[in-house]
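Pasting the structures here.
Two complexes come next, and they have one chain in common, chain A, joined by chain B in the first and chain C in the second.
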Partner chain A sequence: MIPALAIKNYTLDYATAAGPVRVLHDISLEIAPGEVLGLVGESGSGKSSLAWALMRHLPENAREISGTLRLGDTDLLRLHPRELTKIRGRRLGMVFQDPSTALNPTLPIGRQVTETLIQHRGLSKREADALAIDLLGHVELRDPAAIMRRYPHEISGGEKQRVIIATAFGCRPDVILFDEPTTALDVITGARILELFARLREETGVAALYISHDLALVTRVADRVVVLKHGRLVEEAPAADIFRAPRHADTKALVQAVPRPERRLIHDKPGDEVLLAASDIEVHYGRASIFRQAPPPATRRIGLDVRAGEILGLVGESGSGKSSVARALTGLARFSGKVRFDNHEITAARDMNAAYRRDVQIIFQHPDASLNPRHKVGEILSRPLKLYGGSAAEIPRLLEQVRLPAPYAGRWPHQLSGGEKQRVAIARAFAARPKLVICDEITAPLDVSVQAQIIELLLALRAATGTAFLFITHDLNLIRQIAHRIAVMRGGEMVDLLPIEDFDADHVHPYTRELMAASPVPVG
Partner chain B sequence: MSLAWLVRRLMLMVYTVIVVSMLVFAITQILPADAAQSLLGENATPEMLAALRAKLGLDAPAWQQYLHWAGRIFSGDFGISMRTSQPVGPDMLTALSRSLLLTVSSILVTLLVAVPLGVVAALRQGKLTDTGVSLIAYLGVSLPEFVTATLLALLLADTLHWLPATGYVSLLEDFGDGIRHLALPVLTISVILIAHVVRMMRSETLDVLKSDYIRAARLKGLPERTVLFRHALRNALLPVVTIIALDVGYLLGGIIVIEEIFAIPGIGRALMVAITTRDLPSIQAGALIMAATYAVTNTLADMAYAFLDPRIRYD
Partner chain C sequence: MTELFVRLIRRPQGFVGIALLALIAMACLFGPALAPYAPEKIDFLGRFRAPGWQNWLGADQFGRDILSRLMVGARSTVPMALIATLAGSAAGAIIGVGSAYLGGRIDEAIMRTNDAVMAIPGLLMALLLVSTLGNGAGNAVIAVAIAFAPGMARVTRSVALNIRNQDYVKAAVARGESAAWIIFREMLPNAMAPIVIESTIRVSFAVMLFATLSFLGVGAQPPASEWGLMVADARQYMYQAPWGLIAPSAAIALTAVAFNLLGDGLRDALNPKDER
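On to the complex of A and B.
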């Protein structure tokens, strides 16, 4: 039987000013008709390059050194550009990572679904419309006829991804590439997209290459998994076996790094002393103007307290208001309500004195945006030191604390990797010797293995300094490993605030239960 | 475009015009020229001045004068010109119509030329066509309009004798001759505007072509032509609409130069004459008409933007 997709001895370089850089080394793999192959790798492993190579959409500096790419009996490497339009979308479909940017903002949804049907299946406009309504209904979109007339900004991220999936399946391709299709979505929406994928796959028997950095997720959707590391295939195994018996050291490290709620990383109990108590916090963005009313507050009368040395987890989907809480507690957003910290009462950002601002530090999600690109690491760290009475001589100690070599003080942020940048951001927060550090999704942009290292670092810092953490995340499995208590937010309200021991109990809020069900736990 | 949005936008426009009218009135109040004095001449006695001030309403408090003035303008009466003793309104509106004809034709020519040029330059990025288009665009931006105007007049009127160098002929009287007289000024303005718009169109097209949804459209197997015309063009046009609206503002102010050079009796020229002769009602009417035109143009641009970009409609 001819495989649906066959890659043989494929090697790819990128030409750079410093000479060629090899991104894919001698890759060989096959996908049988109807099979789903999971491709797992960290960022920089070359998994996206492989997808672009298959779609014949490589950047101009790509150099294909050797190998063959075959879709059924078609040699993709020998295709004339004009023949490509007969392959893309028709025999080889693709579902993209970020549905919010993959749809044209100025065209109605319907048009973006029907255009491929008209192009590839030769349907008339009316036939295409009818089929598109069918397809949208089939991906469980309510009122497909109305969706057809809407624009992308008028539907949610999950709905957009359903539209893109409907489009990809619409021309009944032989193979579909899924490039991290749930990464940009929140957990529950992502879980429903995966259910949809499983159903459609069963119905259509399409073969798929499912690319992701999330090993736990891939084992749930794929028949077979391959692991890509630095451009090499290091492991290939049935999905069910990879967690149970990883063979290669790199795979073992990946498996180790996947957060599992049952593997607790902290075992102590926090003290009884309440460090920070916030009550009735409502965060306000924007003010009323002559022409419009003020928008509703981003959070509704949130109350929470953090004890000395405690790790309090704050979880919720995007838009649930969890970052707004962080912004209010650091004085970055206007709020009403009361914050009590160290016997000091705060009702507005202007009440936050220098002592409070020193004691409560925040680390942001994107170190790229939070580190000044025009300042060297040493200068970034010297600011809080100067402000809070330290001296520049402490910089090597700070760097050592976050396990970076002292010479890194002379580097620019852009010379560091994502994980290293986040370490600098952590060092900056700890330069002030804070009592509470607010971590706002700080591992979200990182790979699992880097995430594991950062978490380990934070726990070591906590052990050394006794600092408390408010740890904001959407990753329930991760927070269940490290938090003493977990607060769950939805739509600006706090639906649960539970000690970790009670998390499996019966009285948890249905939404919390739903979140747990949607968090992919590794198979095997 | 929702009705509520449209109503709010129109209210904003009216509000702008009201504020501008207050400013215009206030500035002309501060001007050293005293209307009574300039009407009666230097030999006027204080009694005569006082009598005339009372007659003109100049002795009333400023806000009463403003309301009186604004009320008259609202009913279409812009007052009597001190220079010609004719009603100001009809003269100014005629002048405005000539300037608008010039502006609108220039913008049409600009759009017809600059949009395709910008797209072509983007598609041929880094190639000879792109360099050529960019070079011409830079020339157009860097030359002041009076230089461009003089050069074009020297070439097309004095040397080649294809077009008349100056003057204005109404299109209603003699369409062919009217167009011939319009050609040089329109060409001059277009050269400058094309330079703006080409550069904008080029960089926007490049940006849009790099976007995820264009990649998605290509990977859906759509032919390049469809990708370009259906998916890229509309999105690349959005900022150009804003540029054009800003250029209209530039034109209304900068058109004075063009009108002077080519002897077109437009609003810019009328305002110049009014200012040099201290013709207060004409200055007020001219400034107000220009501001109102600008406010209307901006509203139209916003509506065009909302039409092109569905995300604006429910804002």
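On to the complex of A and C.
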């Protein structure tokens, strides 16, 4: 039987100013018709390059050294650009990582779906309209006829991804490439997209290449899993086995790094002294003007307290208001309500004195955006030292604390990897010797293995300094490993605030239960 | 920096722009030394002499050598335009970044005032200011700088609004940094690329604005060999000796084109597309 997709001895280089860089080494893999192959690897392992090579949309500096790419009986490497447009979308579909950029914001959804159908299936406008409504209904979108008339900004991220999936399946391709389709979505939406994928796959029998950095997730959707490391295939195994019996050291490391709620990483108890108590916090964005009313507050009367040395988890899907709480507590957003910190009462950002600014530090989600690209690492770290007392001589110690070599002080942020940047951001927060550090989704953009290292580092810093953490995340498995208590937010309200021991109990809020069910638990 | 320069001269616009600017810089630095005649040397036998071996670009109504006057005049034309642009851009950039940082009603107040100033055409504004401050080169520089600042403020503010939302600015606010530090050290360096491009393009406008002011008689005063003034002087004899008009006009145009090309080249060099 001819495989649906076959890659044989494929090697790819990128020509750069510093000479060629090899991104894929001698890759060989096959996908049988109807099979789903999971491709797992860290960022920079070349998994997206492989997807773009299959779509024949490589950057100009790509050099294909050797190998063949075959889709059924067609040799993709020999195709003329005009023949390619007949393959793309028609026989080889693709679903992208970020649904918000994959749809054209200036065209209604209907046009974007029907255009593909008219192009690839030769339908008339009317037939395409009818089929599009049918397809959108099939991906469980409510009122597909109304969705057709809407623009991308008028529907949610999960709905956009459904539209893209509907379009990809609508052309009945032989193979679909999924490039991290749930990474940009929150847990519950992502879980529903996966359920949809499983159902459609059963109905259509399409073959798929499912790319992700999340091993736990891939084992749930794929039949077979291959692991890619620095452009080399290191392991290939049935999905059911790879978790239970990883053979290669890199796979073992990946498996180790996956957070499991039952493996607790901290064992101590926090003190009883309340460090920060917030009550009735409502965060406001935008003011009322004569022409319009003020928008409703992003959070509704949130109250929480953090004890000295405690790790408090704050979880919820995107838009639940968890980051707004972080912004209020650091004076970045206007809020009403009361914050009590160290016997000092705060009702607005202007009440936050230098001592509060020093004691409460924040680390942001995106390490690329939180370091000024025009400042060297040394200067970035010297600012909190200058503001809060301390000398520049401490910079090597700060770097060592986050396990970076001292010469990094002379580097620019763009010369560091994502994980290293996040370490610098952590060092900047700890330069102030804070009592409370607010971590706003700090591991979300990182790979699982880097995430594990960052968590380990934070826990080591906590052991050394006794700092308390407010840890904001959407990854329930991760937070159950490290938190003493977990607060769950939905739609600006706090639905649950439980000690970790009570998390499996019966009296948890139904929404918390739903979140737990949606978090991918590793197989095996 | 050297990498940027290499990228710049690899592009045709950048290369031509830099070559022309080097020529103009030579004229500014060594013009008086290289000029074949003194700029004010009057030769009554050579009045309106056509371009030839004696006067390469011809002579004017007093028999002064036009090439020599152009070479000496470069010094009073190009640096003035540069200074005025730099002053105007710096003021505009600081207003723009500051306004974006402060936000809210203060931003609104600054930007609406800015719009009001922008509504007055640049030349009219410059004329107005010179007539208030009095004639003279120094005042012309101030007038052009003020006429340029609002446009720059607008461009910078739109860039700075994006930067304002970056986490490193938020981190600085949360850290309790002063407004001056955030504006000058965190935000301004990151808004530099569009400011540099916009100002190089504006230099060419400044050259022409100065020439216009001199032409109208409110900039440099005779017998200075400022290029705009030369055009104004030669206008009466346009039919007798067109070279008196053409040579300084061409010099002004060439300078403007050179700075425009540099601006275009810089815009491409600072935004490397798909370069890994």
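One rule holds for everything that comes next: the second predicted complex is superposed on the first by the 524 of 524 C-alpha atoms of A that agree within 3 Å, B and C clash if a C-alpha of one lies under 4 Å from a C-alpha of the other, contacts with A are read in each partner's own complex, and residues count from 1 in each chain.
Just so it is clear, a residue touches a chain if its C-beta (ideal position, glycine included) is under 8 Å from a C-beta of that chain, and two chains touch if they have at least 3 such contacts.
Because the structure is a prediction, the values reported are computed rather than measured.
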{"item": "Contacts of A:55 with chain B and chain C, given as first, second, both or neither", "value": "first"}
{"item": "Contacts of A:269 with chain B and chain C, given as first, second, both or neither", "value": "neither"}
{"item": "Partner chain in contact with A:78 - chain B first, chain C second, else both or neither", "value": "neither"}
{"item": "A:357 touches, of chain B and chain C: first, second, both or neither?", "value": "second"}
{"item": "First (chain B), second (chain C), both or neither touched by A:370", "value": "second"}
{"item": "First, second, both or neither for A:167, with chain B first and chain C second", "value": "first"}
{"item": "Chain A positions touched by chain B in one structure and by chain C in the second", "value": "none"}
{"item": "For the chain C and chain A complex, residues of the former touching the latter", "value": "166-168, 170-177, 185-186, 189-190, 274, 276"}
{"item": "Complex contacts: residues of chain A adjacent to chain B", "value": "55, 57, 84-90, 94, 96, 98, 101-108, 115-116, 119-120, 151, 153, 164, 167, 291"}
{"item": "Complex interface listing, chain A residues touching chain C", "value": "14, 16, 59-61, 330-332, 352, 354, 357, 361-362, 364-366, 369-375, 383-384, 387, 425, 428, 432"}
{"item": "Residues on chain B engaged by chain A in the complex (per definition of touch)", "value": "8, 12, 211-213, 215-223, 226, 230-231, 234-235, 238, 308-311"}
